[in-house]
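Letters are used for the chains, namely A, B, C, D, E, F, G and H, taken in the order the chains are written, and counting of residues starts over at 1 for each.
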Amino acid sequence: MIDRKTKELIEAVARGEMSPGEALRALGDTPPEDLGFARVDHSRGARQVLPEIVFAQGKEPDEVLRIMQVLLERSGLAIASRVDPDTAGLLSGEMPGGVWHGRARIFVAGAAGEDGEAAGGHVALLTAGSSDIPVAEEAGTILEVLGVTVSRFFDIGVSGIHRLGEVVDRIRQASVCIVCAGMDAALPSVVGGLFRGPVIAVPVSTGYGAAFGGVSALLSCLNSCSPGVTVMNIDNGVGAAAAALRILRGSA
Amino acid sequence: MIDRKTKELIEAVARGEMSPGEALRALGDTPPEDLGFARVDHSRGARQVLPEIVFAQGKEPDEVLRIMQVLLERSGLAIASRVDPDTAGLLSGEMPGGVWHGRARIFVAGAAGEDGEAAGGHVALLTAGSSDIPVAEEAGTILEVLGVTVSRFFDIGVSGIHRLGEVVDRIRQASVCIVCAGMDAALPSVVGGLFRGPVIAVPVSTGYGAAFGGVSALLSCLNSCSPGVTVMNIDNGVGAAAAALRILRGSA
Amino acid sequence: MIDRKTKELIEAVARGEMSPGEALRALGDTPPEDLGFARVDHSRGARQVLPEIVFAQGKEPDEVLRIMQVLLERSGLAIASRVDPDTAGLLSGEMPGGVWHGRARIFVAGAAGEDGEAAGGHVALLTAGSSDIPVAEEAGTILEVLGVTVSRFFDIGVSGIHRLGEVVDRIRQASVCIVCAGMDAALPSVVGGLFRGPVIAVPVSTGYGAAFGGVSALLSCLNSCSPGVTVMNIDNGVGAAAAALRILRGSA
Amino acid sequence: MIDRKTKELIEAVARGEMSPGEALRALGDTPPEDLGFARVDHSRGARQVLPEIVFAQGKEPDEVLRIMQVLLERSGLAIASRVDPDTAGLLSGEMPGGVWHGRARIFVAGAAGEDGEAAGGHVALLTAGSSDIPVAEEAGTILEVLGVTVSRFFDIGVSGIHRLGEVVDRIRQASVCIVCAGMDAALPSVVGGLFRGPVIAVPVSTGYGAAFGGVSALLSCLNSCSPGVTVMNIDNGVGAAAAALRILRGSA
Amino acid sequence: MIDRKTKELIEAVARGEMSPGEALRALGDTPPEDLGFARVDHSRGARQVLPEIVFAQGKEPDEVLRIMQVLLERSGLAIASRVDPDTAGLLSGEMPGGVWHGRARIFVAGAAGEDGEAAGGHVALLTAGSSDIPVAEEAGTILEVLGVTVSRFFDIGVSGIHRLGEVVDRIRQASVCIVCAGMDAALPSVVGGLFRGPVIAVPVSTGYGAAFGGVSALLSCLNSCSPGVTVMNIDNGVGAAAAALRILRGSA
Amino acid sequence: MIDRKTKELIEAVARGEMSPGEALRALGDTPPEDLGFARVDHSRGARQVLPEIVFAQGKEPDEVLRIMQVLLERSGLAIASRVDPDTAGLLSGEMPGGVWHGRARIFVAGAAGEDGEAAGGHVALLTAGSSDIPVAEEAGTILEVLGVTVSRFFDIGVSGIHRLGEVVDRIRQASVCIVCAGMDAALPSVVGGLFRGPVIAVPVSTGYGAAFGGVSALLSCLNSCSPGVTVMNIDNGVGAAAAALRILRGSA
Amino acid sequence: MIDRKTKELIEAVARGEMSPGEALRALGDTPPEDLGFARVDHSRGARQVLPEIVFAQGKEPDEVLRIMQVLLERSGLAIASRVDPDTAGLLSGEMPGGVWHGRARIFVAGAAGEDGEAAGGHVALLTAGSSDIPVAEEAGTILEVLGVTVSRFFDIGVSGIHRLGEVVDRIRQASVCIVCAGMDAALPSVVGGLFRGPVIAVPVSTGYGAAFGGVSALLSCLNSCSPGVTVMNIDNGVGAAAAALRILRGSA
Amino acid sequence: MIDRKTKELIEAVARGEMSPGEALRALGDTPPEDLGFARVDHSRGARQVLPEIVFAQGKEPDEVLRIMQVLLERSGLAIASRVDPDTAGLLSGEMPGGVWHGRARIFVAGAAGEDGEAAGGHVALLTAGSSDIPVAEEAGTILEVLGVTVSRFFDIGVSGIHRLGEVVDRIRQASVCIVCAGMDAALPSVVGGLFRGPVIAVPVSTGYGAAFGGVSALLSCLNSCSPGVTVMNIDNGVGAAAAALRILRGSA
């Protein structure tokens, strides 16, 4: 795997212009820390715009705690998603100052750094129904923790299309629009027709019967008749936040 | 299988109040005519609101012709759906006076009777895109042949939601609304929120990729967030016409 | 979004024929009430034939209570579906006079208004098996609360087709037929062949193995060989009631 | 792999009661004949009730011819299914006396033997619609070639349930009932409730949209509300004939 | 619905050869008994070979009890399937003499009649693995209660094909073969090649991952390379028993 | 449907500060032009960042031509996608100066306007294999027509991960990354880990067997282990271009 | 079923060169031991490279115990997979010396024999994320118990592709590579491009939404763009161990 | 991306022990050759055991030709799969000495090198039916071109399980077993129980109805009750050859 950068570094070391140590540091990779059951990736923030977020579901509470502690110690910020109340109780006890966002199932310890990159941006966060709010808040909480302004527009589904009419001007003030919708997921298409900027659709696993755990909503989003609507996995609020951050800060 | 009617007829014949022949006629069934490869059901119009419509796809052209001729002779009206140009050519040649509706793929010979039942009713026929029109016209052509007024509103998908705003008042003048939509099929939900009467959604197999031949649209329609939207099979324009006729004339 | 009505109102206000307030009232929209976690839509009854029904499943009991109280205060009638016994206990305690229909999982507080619209109509309600009754009663209870006469014909599946024979005359006295069926869902097709009026098929998630949670029944209904049978989502009794009301009262 | 029979044969040979050749003949296996591209199994008739039937679809016409010739030479009867017109032309030219059953897509050369086993049995063969007939005839033709009496009842779908009433007594005269149905495949359930004997349901890939190439019909058959209805693969007329022969002659 | 029998009865009554009561009795239908939540079909045994079996899963224990009591009183035999331990406890307490077959999840009260029809027949019952036994016993228990001899061959899957070799001669002594298999369900095909008589395959929902709750096994059974293997729904032991009874006694 | 803007306009007209005509123009909507079979939406460019693109597949060539001519006349630019060679031939003959991009199946007539909005932006366009290039070029051609710089990196799939290493620095110079991949679609995840900015994954319907027409690739993209990768419909190159334009120009 | 070996044995016995007993022993089959609910196959090790492993999930704890005791007594080694803590507790109490590998859900009693076959081999065991470790350990624990050296490389998913770079040389020292991955399962393709030897991909049911319980990962593995990657069932760690053993020892 | 090898090379260059050019050569990567529409990977043979094989399906014939010519010129061997007769005609004309294997749809130009690696190995190649032969030959032809001995056992499906008995001893002489099977794909399980070495199952898309293009066979293979059977994508003969080569030569 010889990328151009490596090639240039080899040549620079050969010319004596650089020491091997400098060459390695120039590549900027901090090796991931091996906890035995997980490798914590501290350099992720540098390569990507989102710090590593611990997906707590399916992990033992004390595993979650240990990863969170390592993350907090190194970077000053630790975030976990899909945190159930029991795990949240453990984290709250062991990580004083941590905050439990119950509806979003997000636990946050520490805070984002004060550098310029962490500040700014404005995202409009919409849901079609009230059942879609937990997924939306998963995205919204993370964005706010990382310094993004979030405007919420909940329960404005298309069966009462006039609810959308009231808020369209305010939506247009944001740079990015995240739309969470289950069932027929018609809202992303309608929003995509009214909003010029990037629209990130998050299908939600609400509904019953032929909603098929969000598949109906997912297919609607993928087949949106408004061109350029992008789609996340079902219920993937963290992913929507990450996609918004890529847009807001990726080229910074 | 002893229903009450049969029981009463047996008793009436026993009491001498009725002859066996009268009893049979009272049951009102004309036996279906057996063509060898199909049993043509002339009494369908009496039991149902839709005359038998020949589904031409997958049948040999001369089979279609023969069934059409039998239907026409008996009832004065013969309709075939999914008629391809070759079959249409044969039918046009052999059934002078027949009309070929190319876009709707419908062939009609003869005309509906002049009785009161055949007249009246007003259906609004909407499509989300221009690709949905053939399915819509399958419904629209049949309804018009049977005396229903049809108002067409084509290509008014939700990505340009203002197109719908222009026509909502005219749609509200109809008794029944048929909405044909492919891809994300968001239109039936929006219409269902604006129109109080019965809404019949017809998912259309347009689109590509994850449209899955209309499955995405079908699921959207079934999961409509507007309550009471009813759904037909994919591309089933004939069924939508029948459903509208059941509403308009079923209780007449 | 300039519909014709808005255009005329602008011109009328310009001509001094109408005050801005009158124009707004003429558009007839009462803004939805924002509860933070839900926007309660009081004008729904005016635009649609069904009052807003609270889908309790997946909501916190006290959320359900709060929405029900707001609905009751404003309109005199509050209905919730998919109410489990715990939530029903809370509602019964806090909303004296409310009634809990256990089999239908429906809670009703208050009563429908006495205006002409709320009265009348006759629906035949059929189930193929006894397992389909809860879904049927979800529809039946709502219809009765809203003043519709409901005739029940339960457990008359097609494997004992003579059971249907006994009741076909009584079914024909209704204006609309709702048929709830799981497994092979053969009943809607049989009923569709015997009943001229609108048939609303509700696939039910009974059965096991290749019943796939109602998918088999759903596909049977969509592919009904009786033309014009319309289909609701799996287990969607509320939707069937709404569809029936659209037919009975939508054009009133 | 030492089954009891082998064990006894080894001991019998050891006791001198049997020669090795006799032991081998006692096991009754004629080794299959290797044509390079297929092993023709002449002993199948002995082990099973159905002679090997060549599935012509996807084979080269001359491959089909060569297998048919080998089968005919050895057993006096050769049958091929899914034979398209081109292959039928070749077979007709090369195998004089062979008969091409176009609708059933079956080609037959030679005749079944005159032994007792080959004679007798009565199967009722039903289809719901006229499109299901090719599949039904695939079964019917094979059964007739092998000496079974076949009574045909075509196009008696449940939307006109009275068509079935006319023929139920005649159906009851058969020992086995094969029911071919597409779309909602409601007919097998209805027949299963009226006929005490074995019912073999064959789902047919007719229909469109959510018929999904016979999947809807297949699921209906598997979920039949009449207990004991057995199911074949979609369009599998040959299999239905084989299943009927297993019942009629398997224990002879 | 005028079938020939009804027609002849009407004419016989008209000729005075028969009284209305005799005509009704001649049709032989005992009306089903309506329990409010279920119509118990006492004449099922006459029309079909299997008495009505109560599917207990999803029913309230006291509903199961009440239906069982009615069935027992009328016919002397009541059978329920999918009975969990709690329901079994209630039934055992209220129906002394009833027997709980725990592995088969079957509860039986009373006994089959002593008439000739109830006696006889021999079924071979095979499973591929030990996990398939509960489904097999559901079939086996019912068959034994109704007087059929059942030979069990359990855990003889094809990965140890020699296990089958040991028992093939004994299997061949039965008239019908029921094969229960999960995962790859290869056993029905192997059995179908060794056994001339009717083979009823029951796919079982054992396995994990891509077993998909029995779908893999179901598809294997439907695509069996041994012609004439018939298939039941996943885990449907009751259905397999019914299918065997249709073969053994349907034409008696 | 009273949005705030409409409300303010009504009041402004009432105060005499604005004429009705001005109010209408202020809303900025040019009514779509009705061609009978399609409504051409000239104001789309204003509301959205992508001009209307004609989806030629499934349309008659002369329909495509007529829509293209209308678009060209009004806006100076007309683009059609999924144009087959026959349609391209017609368009080339009737629209001199038009250009046919065969690999991308795009036809372009006219050119984008010279205003500031139309210029600028840099997109990296990657494909995993050479079969994915037509989908990629559908996006790339549209982007270039609209003034975006496109850097192409084709056939750099992960089985030869060193191919990616060579180009990663050049990819990082773009603002947005579009990744087209079929089969296992592993490339978007790898790119998402190396590129900080927005990544738009386009699953491609290449491959065979369990590729299922792009479903495998679609699921891989949705489940990308790199957070924030957004997904388009299968083969939806036009959509990817639109999504990139929303990001590059949506907030301009 | 006359294989050549049986044929030769029959002839050898006939020639007096072998006694019947010797012939039977020569076939080398120890009949499986019938426990009533399971046939324990002691000769499996001889015919296959993996001893029989008890799949504990879905079995009663005392059934698992009894089978384990029989296996241990006969062969000196008993292994159970998918052992939950309760069953593990019972086994630990009743089988002193047994070891419970909690993360792998494997219980081992006894030890593999000391013969040459049981020793040697080197497998590299990789996971993409930390959630995939239990599946990987199911394979790793079994391999180690049977004497294979296992090198673990966990949590090296492709979104941080540099993690793989660190370990690629060590991976190349193994003979076989097992790669466990959920979600987009991109890792097997990347490994397949870097490792020349056999790669066994195990899709894992981690993830949510459109991960569909491992189906997304399964399809990715099947469609790997690295040729020759083989695939196991979802979460099938036991199978991966068996596949590795077939490669390492199958031809020994 | 700093792997250990790169790190050591950097240090070696710094110590003057190695020139930059030597460092690059030591990494052993020949940059892929860019043809515009494809990057031809000449170093693949070094990193993997299979030379790059051109997948001709979906490529233009002259594209296939050009890639083949480049491959031949560089390595002396060029192989294309899924070559239709037209493309084969072009290749035969332009690449004299090339050989067209029609049944396998493989075109081979040149020959494998004479080095030790290219020689040796023995694979048993089985098919269940004659329709599976083209897929099997795709694997077999490639293996033979690369110097592997291939023993073919075709058309030995499990419905005539005795066919397998005849050949089991000869199968056991191979090191690897490839089993191609469609429909119920029961053969891999049976073979897996008789053969100790690695078994590579290739599901084949033969069959009809619920065979679903090979999905039924794929699921059977994945759920094989013989542990350690590995699975390839549907119809993926090339992949099976590659998997066999990884086993035979990967660790050489």
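FYI, a contact is a pair of C-beta atoms (placed from the backbone, for glycine too) under 8 Å apart; a residue touches a chain by one contact, two chains touch by 3 or more.
Keep in mind it's a predicted model, so treat the numbers as computed, not measured.
**Q** Among the other chains, which touch subunit F and subunit G together?
**A** A chain counts here if it touches both subunit F and subunit G, which gives A, H.
**Q** Just to be sure I understand: going only through chains that touch, what's the smallest number of steps from subunit C to subunit G?
**A** The least step count works out to 2.
**Q** Can you spot which of C-D, D-H or B-C is a repeat of the F-G interface, where more than half the contact pairs line up?
**A** C-D
**Q** Relative to subunit A, which chain has the most distant C-alpha mean position?
**A** D
**Q** Centroid from C-alpha atoms only, then distance subunit A to subunit E, rounded to Å. What do you get?
**A** That pair's centroid distance is 54 Å.
**Q** Between subunit A and subunit F, tell me the centre distance in angstrom, where each centre is the average of that chain's C-alpha atoms.
**A** For subunit A versus subunit F, the centre distance works out to 25 Å.
**Q** Averaging only over C-alpha atoms, locate the centres of subunit C and subunit F and give their separation in whole Å.
**A** That pair's centroid distance is 41 Å.
**Q** Would you please write down the residue numbers of subunit B that are in contact with two or more other chains?
**A** If we look for residues of subunit B contacting two or more partner chains, we find 1-3, 6, 29, 160-162, 165-166, 193-194, 209-211, 215, 218, 222-223, 226-227, 233-234.
**Q** Write out the stretch or stretches of subunit H touching subunit E in their complex.
**A** Residues 128-129, 157-161, 182-186, 189-190, 192-194, 207, 209-212, 215-217, 219-227 of subunit H touch subunit E in their complex.
**Q** Given the complex with subunit C, which residues does subunit E contribute to the contact?
**A** My answer: residues 1, 29, 31-32, 37-39, 41, 44, 55, 57-59, 203, 205, 213-215, 218, 233-236.
**Q** Which of the residues in subunit B end up touching subunit C in this complex?
**A** Touch residues, subunit B against subunit C: 1-6, 47-50, 53, 161-162, 165-166, 168-169, 175, 193-200, 218, 222-223, 226-234, 238-239, 241-247, 249-251.
**Q** What residues on subunit E touch subunit G, complex-wise?
**A** 130-131, 133, 154-156, 160, 162-163, 165-166, 206, 208-211
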